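In what follows, subunit A forms one complex with subunit B and a second complex with subunit C.
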Partner chain A sequence: MMPRAKLVQQKRDAAAAWLDAHALPEGGVWATKARKAAEARLREMGMPSKRDEYWRYSDPRRLTDAAAQSASVIDTGDAQPLFDQVDRVKLVFVDGAFDAAASDAPELAGVEICQLGDAARSDLHWAQDVYGVLEARGQTPVARPLASLNTAFATAGLLIRVTGQVQRPLALIYRRSSETADALMHHVIRLDAGAELTLLEDGPVAARYNQVTEIDLGDGARLHHIRAQGRDHERVGATHLFARLGAKAQLKSFTLSANGALTRNEAVIWLDGSEGTAHIAGACVGDGAFHHDDTVFVNHAAPRCESRQVYKKVLRHGAVGVFQGKILVDQIAQLTDGYQISQSLLLDEDAQFLAKPELEIYADDVKCSHGSTSGEIDANQFFYLRARGVPKAQARMLLVLAFLAEALDEIEDDTLAADLRDHLEAWLSRRA
Partner chain B sequence: MLEINNLHAELEEDSEVKILKGLSLTINPGEVHAIMGPNGSGKSTLSYVLSGRDGYEVTEGGATLDGADLLDMEPEERAAAGLFLAFQYPVEIPGVGNMTFLRTAVNAQRKARGEEELSAGEFLKLVRAKAKELQIDADMLKRPVNVGFSGGEKKRNEILQMAMLEPKMCILDETDSGLDVDAMKLVSDGVNALRDAGRSFLIITHYQRLLNHIKPDVVHIMSDGRIIKTGGPELALEVEENGYTDLLAEAAT
Partner chain C sequence: MVALDETQLRDGVDRETVETVQSMAGTYKHGWETEIEMDFAPKGLNEDIVRLISKKNNEPEWLLEWRLDAYRRWLTMESPDWAMLNIPEIDYQEQYYYAKPKSMEEKPKSLDEVDPKLLETYAKLGIPLKEQMVLAGVEGADEPRKVAVDAVFDSVSLGTTFKKELAAAGVIFCSISEAVQDHPELVKKYLGSVVPQNDNYFAALNSAVFSDGSFVYIPAGVKCPMELSTYFRINAENTGQFERTLIVAEKGSHVSYLEGCTAPKRDTNQLHAAVVEIVVLEDAEVKYSTVQNWFPGDENGKGGIYNFVTKRADCREARAKVMWTQVETGSAITWKYPSCILRGDESQGEFYSIAIANNWQQADTGTKMVHLGKNTRSRIVSKGISAGHAQNTYRGLVSMHPKATSSRNYTQCDSLLIGDKCGAHTVPYIEVRNASSRVEHEATTSKVDDDQLFYCRQRGMDEEEAVALVVNGFCKEVLQELPMEFAMEAQALVAISLEGSVG
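Moving on, here comes the complex of A and B:
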């Protein structure tokens, strides 16, 4: 085994090489300060390596290589785009860059929206209290170098501040046109006390992308976040979601992933105020050259909070699913209610699921449970459906959707959930 | 309707375990036959082999439904051809709504037979009417298939499926097990309502009591993978009074 010092040096060398090849974007005082700090963090941590415990199940090389590999752009052929029947404000990005012509006017009562690129040129901005701040906090207990790299270099993204209870969802639509685009995107979302927003994200972003979303929820604020990561097969992506919740704040976040050569979705949640609620869920379906990694850290840092993690993966033909999930309960966080479940449905013997569930609890009066299972289609259920006349492929699809249902049930809005389910069913039936 | 001829079957994973050893049986349209027999005689295996469950190897003989070779068909093809098995242990399917399940099954069978699929409205009307007869409430239709159902509710749900699918040949595998008197009456009434000249039944049971409610035309006694005696309804009463011992001894001689 490689000595630790040598590994650290290699990682730092890799980061230095990357930093030497890229200049920090020019900007105003606040952004430059945040970027320099992030650059210093990256230099210290080094690039992620397959030898890191934290990257044990997913090789980060394709995310850290000098250039993105080419990934073909697929035509989804969907008659109706996801969330199309919902009245929403659409903001479109192509290959990770904002496309004003394709977007609605960024006007929504109770919401201020500006481009990261514009805001970064000013010397002062409200986002300075969040941008790179939550990401920096998320560097412990484990390093997340790709997020620091993003903070340092991203120029695309939105700064969204919500001051009221917004009924109409805000939809970020990510389209692709280039086979080799390498995108960095960084959003900051701040909800003032008592504010509410539904945020939709849909699309494969770019051939390779690195996305950071920092979310700051004031007391009693509620964010409903639903994300679908497109269906392009060859694209690779790393996303980080950092969220801080004030007292009685609510975060509900759901991610649907289909296809994608490599996806690493990290979520870092801090329940900082009492009686906060964080529900994060994911459903993924992978077939063939597919590697999907959900890495989740939930920190109960205040009493009487509730957290749920529900992750379901359907895998076949060599697809690999990874789940690393941790609940950390601080000593102060009495009466914590924490739940974590990760499950995979392996449709054949080539598929693989790797899970590392962890609980670390320092408070003595808490309710925490976790579970992880791997299984195949239940033969009794399969036969029961067929004995009632349901053909094989349709029976299998019903059982796959039934397996994913627990994760989809985490979506509060029935219309949005039904829309996701219908799209998923259409995709699966094309593949059956 | 159903013709079983010299059927031999063994466990797929252990050919030493021979379960059906030359079973023959003919059920004509409109007839109700009952099969009784002690535990381990192969009654449930017969229902599984006929409906196409994995795990059994047919080594000799055959079975036809209206002349078509049943054993050559996939389970869903047998269902579309008109075969229905009411399960001894109906399976729970979390995540699949009972209504979705019923509608998928009904329309899959209609499609396989080249018939028009039922619209959502037509289906709803039909299922509500049939459910009412079986005292199945809206909540049971909404819940996932058999999840959290009592034993009696599960069996009523089986009969509801039968009523919706309108099969030609119904096999009831120990439908009376786990039923109290009231549930037995409901289930039996449901079955009796489906009796007609074009539909046949094969009722597998341990006990005679179900046969008080669903009157059979023919009763078979099964033992060690074969039919050892065939008679009228009085044969079931004889079993109820004397048990199987005498019949088995008689067959052995």
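Moving on, here comes the complex of A and C:
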């Protein structure tokens, strides 16, 4: 067998083995249909492999091994949890399972929230138009088998439908208690035309987790999404965010990652209606055995849309940062404004930054650019601070924070941004 | 030209630009054919053909084994599918792998004995195969500039000019088949040392069936007294050209090498799979320039050359320097990534490229800069222009290995689309494995740098003037890297008014 056919076979065999060992969850008509379709997709695509071009810089094995490796639970040591001073509705998950006792009542004007587990037992649900549908669409141009696996087997997660302009943020809080929990989490978030929501996520879902979030934004809807992925060192996780934007819809998503043995954050965004806006940003700080991968795909499928990707990584002691970003501009998407920047600051010789920023453009009247840089702390800037009496460690810290600021600046809400910045500074100073 | 007429023109792309592009496509100047009796090897590819080619070139046993080894490896390999190219399935058994003009059966002792028809062919292409001065366009220079030419016609080299004068300087410039006879120790030492037989599918194919190409050896401390050039012509139908070029620049030497290629217009596609290997030793400098003008196919995408080329330079020792300059205007399909292995400390690689794809052409081209030594430097400037239904992709790799400390790369890729049915793509790979290296990559489709515009505007130029100056300046920056002989041809080929497309 020639090498390519052999690889496909190996991947399919791996998927078949996984599927043989797991039974699809029981459910009502709509959920069963979606799960079976996802199972078929997974069987066809096979499990991801390090030899896939798409996994060139990250090894998916720890995400696909039969059992999760144990990951110790750490105490963040924060005086105050993240977003604590924000008036929000808290929904708490422990090791990927909903904890009703620790959560606020899921009542928020303009929002309908239900558990995936409950909704899946019914035969009809609004989520059927989104659940697994956006994920399936996200399988081209590249296969994302972990997302199909999630759609097929997830039983935890929230189905959130927003009909109005919601004032209080909705906060999903993930806590860990087990060192070996292996969680699948699948959220569906739908904003009707003109609706608005701020969604906060905080913490690592489990020792190993696979999270899919499908977001459907109606015309003029606005979603502000801020996510922090905790500080645990050993956990591994893969997240997929699939978002479809209608005309004039807005998505602003920011992710802060600190540590984690392996994190693969994928974002797939379709600008389906004209004048949509998608801003996605990420800041990550990695120290030691840390592998962080941002893989982003933005498809301009309508005219006059704007997209922005800003990714910043600070890496040291062998940490590896990966950025794979692609902007695809369809022929119809004239007057597109696409921007992408990925930058890394390598604090010592062991750190690595691997990037593949792509543009694929089929429309002629566009403004698209990408930039990528990598290097160490600027000696001149460092000297400037030292010359003014700033101690070494503090000077480095200032420059690191200044470097990350460009990504944090993407957060619209100043209070939330300041809160994240304070936490980040505290974390960094403890490890300095 | 149907393709562009249908295309809706946008503001800022002026009619002249489109017409220039059209005229280039409409009038492929080198599409004629030389009628001449040819001697073909039987159609198809198998071990016997490999043996036959080896025998025709009177090769030693080791080279035959080397070819057979490559052929066996090729059989286990697959055609690469990662490029953004739609390559129709190629029937490798429907090709001729060896075609030689009958008149070349007895190897002519000098160019004077070569069939006049063949000499005419080159004269018509503007490549004088006489030991005379200048190429078109550079008259008036204070001193006539000499250019030595190796003319490769289908599978064989017709001859090489200025051999004696070069030999006096110690420079060896001949066809690779001659080098195998006359300098076997050099060929054996360096052949396949930069591009191994199993490097990739097309390199393996080339290693098995390469028929001719040029060999250049510049001894230590020698600055080659003239430019060297090879002119490739595909003439015979259904015949692939598989040339192999090997350049060795010893310590402290210096050479500038030019390469040009054309082919007749035909309805069927023809295969061209070349390998170029360059070995650069301490303090040596090689400049390699290409004007690739293979037949690109007609306006409906019929015919044209499939150009699958592996080009790589190995800067083996300290302060070695390589510069690739390419103007890619021809070929139905281009798959080409001239690369630099920067192994020696402080070695340097540069890549300047203009790639133009029109009608149904597809180009996937770029470079690889592999930094292995300390303080190595590389610079990539790529300008891609797409028109008609063409797809133009820049694909590049910049890799900083852990030991390549304090190295530097700067990459700039600009794309210009003319019309709304074409595509322009950028696929850079950036791998940084040490902190003290600095890598910067920029790619854009916004046509002119705002800072530069601002600078011009600040000094009182109106906007159009400023745009014209900046774009012109940028384009010249790439063109001026070409040796003068080629700059003329290249400028004519790139006679696209970039100023007008930016407005």
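Note that in this section the second predicted complex is superposed on the first by the 430 of 432 C-alpha atoms of A that agree within 3 Å, B and C clash if a C-alpha of one lies under 4 Å from a C-alpha of the other, contacts with A are read in each partner's own complex, and residues count from 1 in each chain.
Assume contacts are C-beta pairs under 8 Å (C-beta built on N, C-alpha and C of every residue); 3 or more make two chains touch, one makes a residue touch a chain.
Keep in mind that this is a model prediction, so the values were computed, not measured.
Which partner does A:Q334 reach: the first (subunit B), the second (subunit C), both, or neither?
second
Who contacts more of subunit A, subunit B or subunit C?
C
Based on the superposed arrangement, let me know which partner A:E26 touches: subunit B (first), subunit C (second), both, or neither?
neither
Can A:K356 be said to touch subunit B (first), subunit C (second), both, or neither?
Only subunit C; A:K356 stays clear of subunit B.
Regarding the shared-chain residue A:D84, is it in contact with subunit B (first), subunit C (second), both, or neither?
It touches nothing on subunit B or subunit C.
Could you look at A:A402 and tell me whether it touches subunit B, subunit C, both or neither (first, second, both, neither)?
Touch status of A:A402: first partner only.
Looking at A:V390 after the superposition, I want to know if it touches subunit B, subunit C, both of them or none. Which is it: first, second, both, neither?
Only subunit B is touched by A:V390; subunit C is not.
Quick check on the superposed pair: does A:T373 touch subunit B, subunit C, both, or neither? Answer first, second, both or neither.
The answer is second: A:T373 touches subunit C but not subunit B.
Check whether A:D365 is in contact with subunit B, with subunit C, with both or with neither, and answer first, second, both or neither.
Only subunit C is touched by A:D365; subunit B is not.
If we overlay the two complexes on their shared chain A, which of subunit B and subunit C does A:D118 touch? Say first, second, both or neither.
neither
Determine where on subunit A the residues touched by subunit B overlap those touched by subunit C, and list them.
The answer is that subunit A has no such residue.
Which part of subunit A faces subunit C closely enough to touch in the complex?
On the subunit A side, the touching residues are 2-4, 53, 331, 334, 344, 346-376.
In the complex formed with subunit A, which residues of subunit C make contact?
Going by the criterion above, the answer is residues 10, 13, 76, 78, 81-82, 84, 402, 405, 415, 417-446.
Taking the complex as given, what residues does subunit A use to touch subunit B?
Listed in rising order, the residues are 379-381, 383-392, 394-395, 398-399, 401-406.
Can you check the complex and tell me which residues of subunit B touch subunit A?
Touch residues, subunit B against subunit A: 51-54, 74-76, 78-80, 85, 87, 90-96, 100-101, 104-105, 108-109, 112, 144, 161, 165.
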